[in-house]
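One chain, chain A, appears in both complexes that follow, with chain B as partner in the first and chain C in the second.
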Partner chain A sequence: MRQRWLGPAMFMPAILYIFALVGVPFVMAFVYSVSDVKIGSEGYHFVGLHNFTSVIDSPSFRQAVKNSFIFTISSQILVLIGANILALALRDAFPGRRFMRFLVLLPWVAPVSIGSIGWKWILDSVYSVVNWVLVRFHFVKEFDAPVWLGIPKLAIISVILVHTWHMLPFATVILLAGLTAIPRDIPEAAAVDGAGFFRTLFQITIPMMLPIINVAVLFGAIFTFTDMTVIYILTRGGPFDSTQVIPSLAFFTGILGSDLSEGAAISIFMVPLLVIVSYFMLRTAHRAEVT
Partner chain B sequence: MARPARVVRTIVLWLVRIFFGVILGFPFLWMLITTFKRSPDLYNLKNNPFIFNEPPTLDNLRLLFNETLFLRWIANTAFAGAVVVVITLVLAVPAAYALARLTGEWGTQLGIGVFLTYLVPPTLLFIPLSKIVAALGLQDSLWSIIVVYPSFTIPFSTWLLMGFFKSIPKDLEDAAMVDGLTRWGAFIKLMVPMSTSGILTVVIFAFTLVTQDFVYALTFISTAAHQTVGVGVATFLVRGDVFYWQSLMAGCLIAAVPIGILYNIFLDRFIEGFTVGAVK
Partner chain C sequence: MAIVETRKLTKVFKRGNVGAVNNVDLESREGEFLVLLGPSGSGKTTLLRMIAGLEEPTSGDILIGGRVVNDLTPRERGIAMVFQSYALYPHLTAFKNIVFPLKAQGIAKAERQKRADWAASLLGIKHLFQRKPRELSGGERQRVALARAIVREPSLFLLDEPLSNLDAKLRASAREELEQFQKRIGTTAIYVTHDQVEAMAMGDRVVVMSQGSVRQIGTPAVVYDEPADTFVATFLGSPPMNILPANGVIVGFRPEHFLPPGVAERLGEHVSYQFRVTHSEYLGAERILYGTMEGGAFNERKVISRIPATHGAEISDGNVYSFAVANRDLKFFDPKTEKRTAAARPPS
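Right after this comes the complex of A and B.
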């Protein structure tokens, strides 16, 4: 009989904690988005969809939505290509593999703010080492060396590349796990039957890895789409909102601008993507359960 | 198999490894070089930035340790990490066991539900949480993040530990319970000791997740002395528009590398958690 309540007694505290600090604020985000709550203000007034209409009318917001998708999709495409190649290169034992694994992991493991600061220095407007190399090898003249974070187009490219750099290790280790789980005799049998490297890769290895590639992409997409740290450190959304994304705009509006309700309304626009990703995660999890 | 094909393959593989190794590792190499540079050397565009044109110096490290709050930030992070780890273990270990063993099929469903909450990003929750933190009287205190961080360490840890408990054969507990232990006794005296490596994994991951956060610490804490290392280095080592690049890079390197080493040791388990069982 004691068993009936022992189970719930053991998991309820954790569930309640998560409910209080994820469930409640999640609902509050919606409640705030239809209100006029500011930092330091008391009371709550329902204002309907006012925040949403004013958000949708703002050019900064439209730019941020566009950028969020551009950044997420382009960096995930780069990550996917890079991680597949890198995982293949790391699969077999080679001297220094352990060190290589450590090195490959660092961009993901190091706090993202710290990796971003490293890049801010590498892409510095005056002392950029990238520019030094470009000038040294006469790709550009010293007086018109690129200002990576100061010109909209270059800033967008820089942000995408830093996101790619940050997420590549994560996707690589996950794909590597998928790759090593494929029984070795399957690709070998294909090789014996005369299939070349690329044929084996595209017709056997990649199809077998699809579920795991899905996992890497879903997590990668969500982490990139909802990240504001890279932007906050590299560009603060600038120049002229050219690198503004939904989460960074929510932060600048809601926290720095003290307009909690409008910030909440902006952040709500991340929810549809979260729902879609969660749905696919659930499907993956259930399929793993069945097999 | 023609030998030349093998040679070409090996060369291509090494080129790929070197290419990615250089790109992924470069920022950290650059931090290392910058750390020991003297300012006249660093801020001279005529100098080759890859070599030391003037002898390396330890002054930047001295500045970092003696004249900034760096050590304070490290201590804050370690303290917050330790408390968060304790809260996480106390709540997640029993929860994972209960969901893995006691509650049948819907325990697994609930476990997946718990894991999904890990996908709700801080950038969606930080605005309401800033009000909650203020209501609790924790604004601008290290305790604000200590209270909030378990909201993402518990889901992930519970999920990891569920897999771990499921891999232990049920017969062991049944035998122990036949020998007179209660269910709770079997959990405490048998399952927890048997799961030491799983629990250690959770300790490492909960701690590294704490070091990864930027948004919450930036939102809740405004006083420099109360910050964590991730936010402190990235925001408070910059005064106005002046970047103390050498000390900044030193701080980044010191904060990043130990975490990297820890993580690397426990990587395989981490992957198990993330792949949601898609790899068997």
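Right after this comes the complex of A and C.
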């Protein structure tokens, strides 16, 4: 009986992968978060909730929580607006649409680390091409150009914009699929009924796309909340923790700072939020199936 | 004044191709029910969509109420349209669907409610107000779509095959209801269909279209009894008109005018043909006889006869009978242009 082992054998790699790279570290994080384990230390001492209280008391952590929410919420809002505009623009046929679609997809296809390194140079304090343009067009004085990644407010804005740039294509593709799934009759009926562009958009098109928009937003939120690539490459959480988010703080504390147990405790704080988001994501996915 | 008029209206989708609609001149009359009838691909829906403003004409003019509306958006044309799929907004309740055009016009809430109630009472759908389109049956959806179309009291009513999604039984009753409904509200309507029965039953006038051109405009009786060309002659009527070329002319006569012995004698002036019945269909109210002509100018040509079942003639398959057509029921067409020509002496 070949079938009996073939099925399990086929999905074994996936199980192994999830078990070894997601399941084990996940359990380890819980185990470490209630201990005093450091990199290189021997033995395991249970310390209760000590790490959690110490993390909550730390100003860096509070800043990171705040930043995580700012980072996730503002980039998702920007992605949503941008993806809607792009999807609408790319819906109807025009010469060069295929090429435009390809261009829009590029940031998603390129590795995020390479894209971010490009942006690091674009926003560099000395070699910034943005500043060069601003100076040439006399928007700013030559020696007074903005230090994009060096000033707290500008740094978080830069990080949010670069992350938005990276997330935009994926959301656009999802929304475009939702948009093309709307029968052509519906917007036409709205046009005949006397609705203008914005009424059709906000009362017909977007409400009809809501299930798929939900999927895009929830997916994007999880991805953004747990991601630290852009921040790690552009700012390393600086200046003064102004771009520090929970995952980057956990990484700096636990791995680079050798304090495994405290790093684990920090990362555990993401679990409740991710559980809630995942719940809603599964619910919308389920509902989309039913209707 | 004509509510809708088209002048040399043409739509070419792809440059160099034949137009989907070619040089259509049309004029509707006040309060009339005008039916655009044609097979699929005849351009009737494209024509309707151009009148609605959903499709831009390649050339020609569209006039609504005497005003050229070519450059106006659908919203500025003051028309209402019922789509083949009904195009109800799936996320809105029936009530919200119905008041949507009113909201778009900026009409106050109390007035919206009043007009929706009025439209719903005309169509008997008030009890469906709180349902979503997916909770409605096909017939109910069609009524909601109609209600949405009339609440604005449009000057023109466009209907794109609104009955084609209903089952056969419902379609017949919906057809009659829709016709009565249009008479009651008195709004000019343009109705697209490929169903000749719908066209004949509902239309004040029928516009027969083929390959983007208008073949004939007239009352149902005129297009049926006096077809302008062989296309109209064969498109209308089921089974279609017998079309028989002979001696440099095309002769046409309807199956119900090709009558068996005993009836033909009472017709006055008539021509007789020898008709070999190859097979027949009994349809309850009538019988359809299929066969060929024997001898004469139409030798071997296929013809169909349709006789009432009440006619007790003993006609059996395989035999030859002397059938006849009254002279006044013979139509003549030019073999080159396929257009109708003056009556001539029928070839015997």
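Please note the rule applied: the second predicted complex is superposed on the first by the 271 of 291 C-alpha atoms of A that agree within 3 Å, B and C clash if a C-alpha of one lies under 4 Å from a C-alpha of the other, contacts with A are read in each partner's own complex, and residues count from 1 in each chain.
Simple rule for what comes next: contacts are C-beta pairs under 8 Å (C-beta built on N, C-alpha and C of every residue); 3 or more make two chains touch, one makes a residue touch a chain.
Please read these numbers as outputs of a predicted model, since none were measured by experiment.
Asks: Looking at chain A, does chain B or chain C touch a larger number of its residues?
Replies: B
Asks: So, does A:70 touch the first partner chain B, the second partner chain C, both, or neither?
Replies: It touches nothing on chain B or chain C.
Asks: Output check: A:25 vs chain B and chain C. Expected answer is one of first, second, both, neither. What do you get?
Replies: A:25 sits against chain B, while chain C stays out of touch.
Asks: For A:86, decide between first (touching chain B), second (touching chain C), both and neither.
Replies: first
Asks: Looking at the overlay, what does A:165 touch: chain B (first), chain C (second), both, or neither?
Replies: The answer is first: A:165 touches chain B but not chain C.
Asks: Applying the touch criterion given at the start, work out whether A:157 contacts chain B, chain C, both or neither, answering first, second, both or neither.
Replies: neither
Asks: If we overlay the two complexes on their shared chain A, which of chain B and chain C does A:188 touch? Say first, second, both or neither.
Replies: Touch partner of A:188: chain C, not chain B.
Asks: Return first, second, both or neither, reflecting whether A:78 touches chain B, chain C, both chains, or no partner chain.
Replies: Neither: A:78 stays clear of chain B and chain C.
Asks: Can A:199 be said to touch chain B (first), chain C (second), both, or neither?
Replies: Once the two structures are laid over each other on A, A:199 reaches chain C alone.
Asks: If I apply the document's touch criterion, which positions on chain A are contacted by chain B in one structure and by chain C in the other?
Replies: Residues common to the chain A contacts of chain C and of chain B are 291, listed in rising order.
Asks: Which residues of chain A touch chain C once you look at their complex with the stated criterion?
Replies: That would be residues 183, 185-186, 188-196, 199, 203-204, 207-208, 210, 291 of chain A.
Asks: Can you list the chain B residues touching chain A in their complex?
Replies: Counting only chain B, the residues touching chain A are 13-14, 16-17, 20-21, 23-28, 30-31, 34, 42-43, 45, 48-50, 90-92, 94-95, 97-99, 102-103, 107-108, 110, 112, 114-117, 119-132, 147-148, 150-152, 154-155, 158, 182-184, 187, 208, 211-215, 218-219, 229-231, 233-234, 243, 245, 248-249, 252, 255-257, 259-261, 263-264, 267-268, 271-272, 274-280.
Asks: List the residues on chain A that touch chain B in their complex, please.
Replies: Residues of chain A touching chain B: 2-3, 6-11, 13-15, 17-18, 21-26, 28-29, 32, 37, 39, 82, 85-86, 88-90, 92, 94, 100-107, 109-119, 121-122, 124, 126-127, 129, 132, 142, 165, 168-169, 173-174, 177-178, 181, 211-212, 214-215, 219, 222, 226-229, 232-233, 246-247, 250-251, 254-255, 260, 263-264, 267-268, 270-271, 274, 277-278, 281-282, 284-285, 287-289, 291.
Asks: Residue numbers of chain C touching chain A in their complex, please.
Replies: 52-54, 73-75, 79-81, 83-85, 87-91, 100-101, 104-105, 134, 148, 152
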